[in-house]
Amino acid sequence: MIIVIRPDASKEQLTLFKAALEERYNVTVNTWVGVESTVLGLIGDTVQIDEDWVNAQEFVESVKRVQEPYKKANRKFHPDNTVIELPTGQKIGDGSLYIMAGPCSVETEEQINYVARRVKAAGASFLRGGAFKPRTSPYSFQGLKAEGLDLLKGARKETGLPIVTEIMRTSHIDMFESVDIIQVGARNMQNFELLKELGKINKPILLKRGLSSTIEEWIMSAEYIMAGGNEQVILCERGIRTYETATRNTLDLSAVPIIKKLSHLPVIVDPSHATGKAWLVEQMSLAAVAAGADGLMIEVHNDPKHALSDGAQSLTPDQFDRAAKKIFALKKAYDEIVNEQD
Amino acid sequence: MIIVIRPDASKEQLTLFKAALEERYNVTVNTWVGVESTVLGLIGDTVQIDEDWVNAQEFVESVKRVQEPYKKANRKFHPDNTVIELPTGQKIGDGSLYIMAGPCSVETEEQINYVARRVKAAGASFLRGGAFKPRTSPYSFQGLKAEGLDLLKGARKETGLPIVTEIMRTSHIDMFESVDIIQVGARNMQNFELLKELGKINKPILLKRGLSSTIEEWIMSAEYIMAGGNEQVILCERGIRTYETATRNTLDLSAVPIIKKLSHLPVIVDPSHATGKAWLVEQMSLAAVAAGADGLMIEVHNDPKHALSDGAQSLTPDQFDRAAKKIFALKKAYDEIVNEQD
Amino acid sequence: MIIVIRPDASKEQLTLFKAALEERYNVTVNTWVGVESTVLGLIGDTVQIDEDWVNAQEFVESVKRVQEPYKKANRKFHPDNTVIELPTGQKIGDGSLYIMAGPCSVETEEQINYVARRVKAAGASFLRGGAFKPRTSPYSFQGLKAEGLDLLKGARKETGLPIVTEIMRTSHIDMFESVDIIQVGARNMQNFELLKELGKINKPILLKRGLSSTIEEWIMSAEYIMAGGNEQVILCERGIRTYETATRNTLDLSAVPIIKKLSHLPVIVDPSHATGKAWLVEQMSLAAVAAGADGLMIEVHNDPKHALSDGAQSLTPDQFDRAAKKIFALKKAYDEIVNEQD
Amino acid sequence: MIIVIRPDASKEQLTLFKAALEERYNVTVNTWVGVESTVLGLIGDTVQIDEDWVNAQEFVESVKRVQEPYKKANRKFHPDNTVIELPTGQKIGDGSLYIMAGPCSVETEEQINYVARRVKAAGASFLRGGAFKPRTSPYSFQGLKAEGLDLLKGARKETGLPIVTEIMRTSHIDMFESVDIIQVGARNMQNFELLKELGKINKPILLKRGLSSTIEEWIMSAEYIMAGGNEQVILCERGIRTYETATRNTLDLSAVPIIKKLSHLPVIVDPSHATGKAWLVEQMSLAAVAAGADGLMIEVHNDPKHALSDGAQSLTPDQFDRAAKKIFALKKAYDEIVNEQD
């Protein structure tokens, strides 16, 4: 950590400050005195240093981290990819492409079982579906809740697909015990109390990026879970909020290689929520594969010919079928090209 | 609600869709057939209509709400300002300016009592202070927690100032029973489960705007609390996330008159978190007064001469003293000017 | 165009307004009277209608375009892809992938010729290079200017590669006469006077997206050029400004399929400027191919072993070599997969 | 300037790099060797150093400016406020509040003269009005052009109000010779060729902030003009682009005190373009006064009872009358409060 000190700082302030840094954080402080400013260089475990506290000193001009503020999620300290292995055999982060597919909301037994069969047949490895739904309006449908979880489990029993579903409050953790991957939604990415509790269990957590979270903040939220002892975190890019109105959010695919450089955790992409438009899902799934994603999360809803469809962003099972073929074919080509030539 | 239908929609689809709208939502649907598109106009209580569901229909070109999607927070249905009266006599929203001041974090009994006395002497009506702290890093100080609450209560006893402090999880609601105003932080603005539970209690809630929340989403979060039965919501603008790096966030003061037009709820401004810089707090407080705010939330920390200060954004008690004098003087002038001439 | 009228509009205002619309814009106005509001539906060539003017009427609640505000760039009116054919044979937009590569700035004859030979050998079809450089600081190097143009022409002569370079002012158009593709930079995307003049010449224009331009505004800038008579416009996505700091800008790859849906113009991607980081360029180029781009613009600088390199975002010729192999291999696979299965 | 070097940099690279810095930029380079990284501290006139070039070196981890990248606009080197004095006596930046008011577009002689008389009577010191209009659509009204300039001059003659109007291309500079203040619009803030030419004339330039420009970039654009020799620059905040949709842009009032701290140039606020809504203009004008602005730019259009009004953001002369009274009254109170108590 580099700390630039204002030219008008007194000698006494500087001495006091350096002593405080060394005592509080057990770091070594080197001083470089320039003409216009003095620079402190801190050596040791600076991750624990509170940047706000440093910045708050009136004689501090600015602070610059050289090390990242996370440890457990940091690739520097864990060079190998984290591979999250499920009892059912999937190994997320092993270089394969896993697709999690299913409806936005679980609606009926018939619906979820039908969709589960169809997405399995098309090559999906996980069934996703919302039982508890975060909705902007208190007047919108909030999900089937516990009943929805039961329907998901039923569909798992029928198809063998492990299930991924979103948790919205700490007190539900017990209820989610038999869920295979617990999802934390974008709006709860910095619900630190929830993250802390999920750090205490032994189950993969799929952590969606917050609507306006930087990549560093997102990794810090993974660090919250990992700091509690649960190192099975999968990151999921789902678009960020920008001024653009042609899509619901702006899918930030550069986040995929950046995460892979900074962290050893697997990262998947959700083109359905990112774009909010079904017709963009296939194309952006292909782009996500070529960006190096470990997986995709795609919304698929039962045939809208027989029911009024749900979700402008959902594919029909037939559309998903066609898309999955192309996605897997591109993944195969991508692997050959990237591996062969590196 | 206006729904534009694609030109290639079949007659059957349209009939089916109109019937579904009328049955599901008990609205009347008028049809206007144009050359290039057909437009449906919905009459009735459209607040309950799920815009996503409408948009999801493949033959829907676009949807446009004419009514706002909130009712309880809507000024149209409640033309008079909501005034939130505390047992201690403050009436937030009555046209006066209330200042909530205090440290970012409660640290010691001596600290909080000293700051409380100083901010009271300077004219603050509420003591703010964090006991549970949302921190980006799991390694940063997370607050004194229950002990912090006790210290706040002690400071209240000593000064008579009602206390405002942030809640971070549903299971803490009982612990916050004797807190005067419960704050929901920006990162929890869409923690819908927390909002629902806060809707069941009878206590003012200070709802901060999310880092990237639109004004409509923010009001919708207030609606969540109100829909549960607790109509005592105070909105707090605290800056939004933009590309600008000179300030921590960009303070959106136009949100104040917009909230006042759209809603009857009181709205206050937090220039400390919005700017992240102590030297901007006084100036932006003055601007907030002239924007019509019902109050201010300002970070004040004990004398940094005697302790390493906390928070680049905190004022010292002396700085707060000087700022408060100007703030109240400007409020007086503002009221005379605006009332006299309207 | 749908216009929602406020409930308190007078009959007289409405009559006057409808007459004005019909007279000014030669459209037919249909009226649909609802309980809470009146809706006007306009039929005819609404592209010419000034939305600001409509919105400005005090009795107008809101306006909604059903048609896009552009004609010449609109795919609806030109269903076939525009293919821009150069005298040298390249056909941008014909389904092939064209790479434009070269240094950020032209520096010396040796440099530009060396880079030109290397990028040609690696498969690039165009030489890019800056002669006039838009720089944030007046104290930064502003390019070799006319001399830079001459060096580019020299490199073209030596390699046969057509050249792409940026224009910064109207009075330079004559000087750019023998440039093959004239680039309009992001900061000039809404320099409407420049766009108008470029509309009068007969030469392909590469129009970069503005730093905070919506896709619609970007197409409207293309429309400016086309409205003048020059329909040879190539759009270039180069990242938009967001709050994220890990990359210089956020590359918006969903813009590629959206442009292709809305417009018939070719669209290419510049991963160098979008990310600002050389190590991200190859990965994001692959993603751009899978997003359906018609081309790539990539910064390549001569061997940094022999010179201090320029541009944190530039590849070395060797890195470009390796990247281009993968890019073309992925393009081949992509075409087979997408064509075979559609 | 602080440069952090990667741990894997070779000794030779470092020596070469330091020599290059010292030679190219005539600075002194101090080296501080830490355990994990080496830090260079540069002393001297670092304004001229090209941050991109430094960042581009493969062994550079990151760069941090301690000094701002501008000199002429920098308050550090010019502690006193710049006061721009017009031949007609106005002194922008002298602590007074100047209002520039008038229609978005000049339309007719009658209109501009009427508005000019009305805004003068209400206390405005300048007449603003667009002759050349930057429009997103090539099909929208582009202004009366030269005729518009003549009408403005006519209104000046009649009222004595100096005129402010926007220039859109370099070749028009001669035509603007008798304009009192030349405006550079937001979309041309980084039209560097235009800025350079305006740096060569001797006339106040009103430089609007770009739609997504940081405060530093905005000051750098002022520096462009000043570097050419014209130091009469007035900055104008007019809202920045964010995700919020309730206003056209988000007015960033904190920019006012920040500009005043970083620079000695005067800064005014345009609430009309920032909000895009007439009903917000008065309130945000008051807030701008309390934020410390040197002036306001407000759109006023002739009486909409007699003509269909232009601009959802324009005030009528009567509305402007009432607003101006409050604005000047608040300015008076503000000055007394701030001066008395400092």
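By written order: A, B, C and D. Residues from 1 in each chain.
The definition used in the following text is that a contact is a pair of C-beta atoms (placed from the backbone, for glycine too) under 8 Å apart; a residue touches a chain by one contact, two chains touch by 3 or more.
Remember, it's a predicted structure, so these values are computed and weren't measured experimentally.
Ranked by distance of CA centroids from chain D, the top chain is A.
The chain pair with more C-beta contacts between its two chains, of B-C and B-D, is B-D. For the pair chain B and chain C, the distance between C-alpha centroids works out to 40 Å. Averaged Cα coordinates give chain A a centre that lies 27 Å from the centre of chain B.
Centre-to-centre separation between chain B and chain D, using Cα means, comes to 31 Å. Looking at chain A, residues 212, 241-243, 245 sit in touch with two or more other chains.
Residues 212, 214-216, 240, 242-247, 250-258, 261, 274-275, 279-280, 283-284, 286-292, 322, 325-326, 329-330, 333-334, 337-338, 341 of chain D touch chain B in their complex.
Within the complex formed with chain B, the chain A residues making contact are 16-17, 20, 47-48, 50, 52-53, 55-58, 69-70, 134-141, 168-171, 187-188, 190-194, 196, 211-212, 217, 220, 223-224, 227-228, 241, 304, 308-314.
Those residues of chain B whose C-beta lies close enough to touch chain C in the complex are 2, 4, 30, 32, 34-37, 39, 41, 43, 61-62, 64, 66-67, 212, 241-243.
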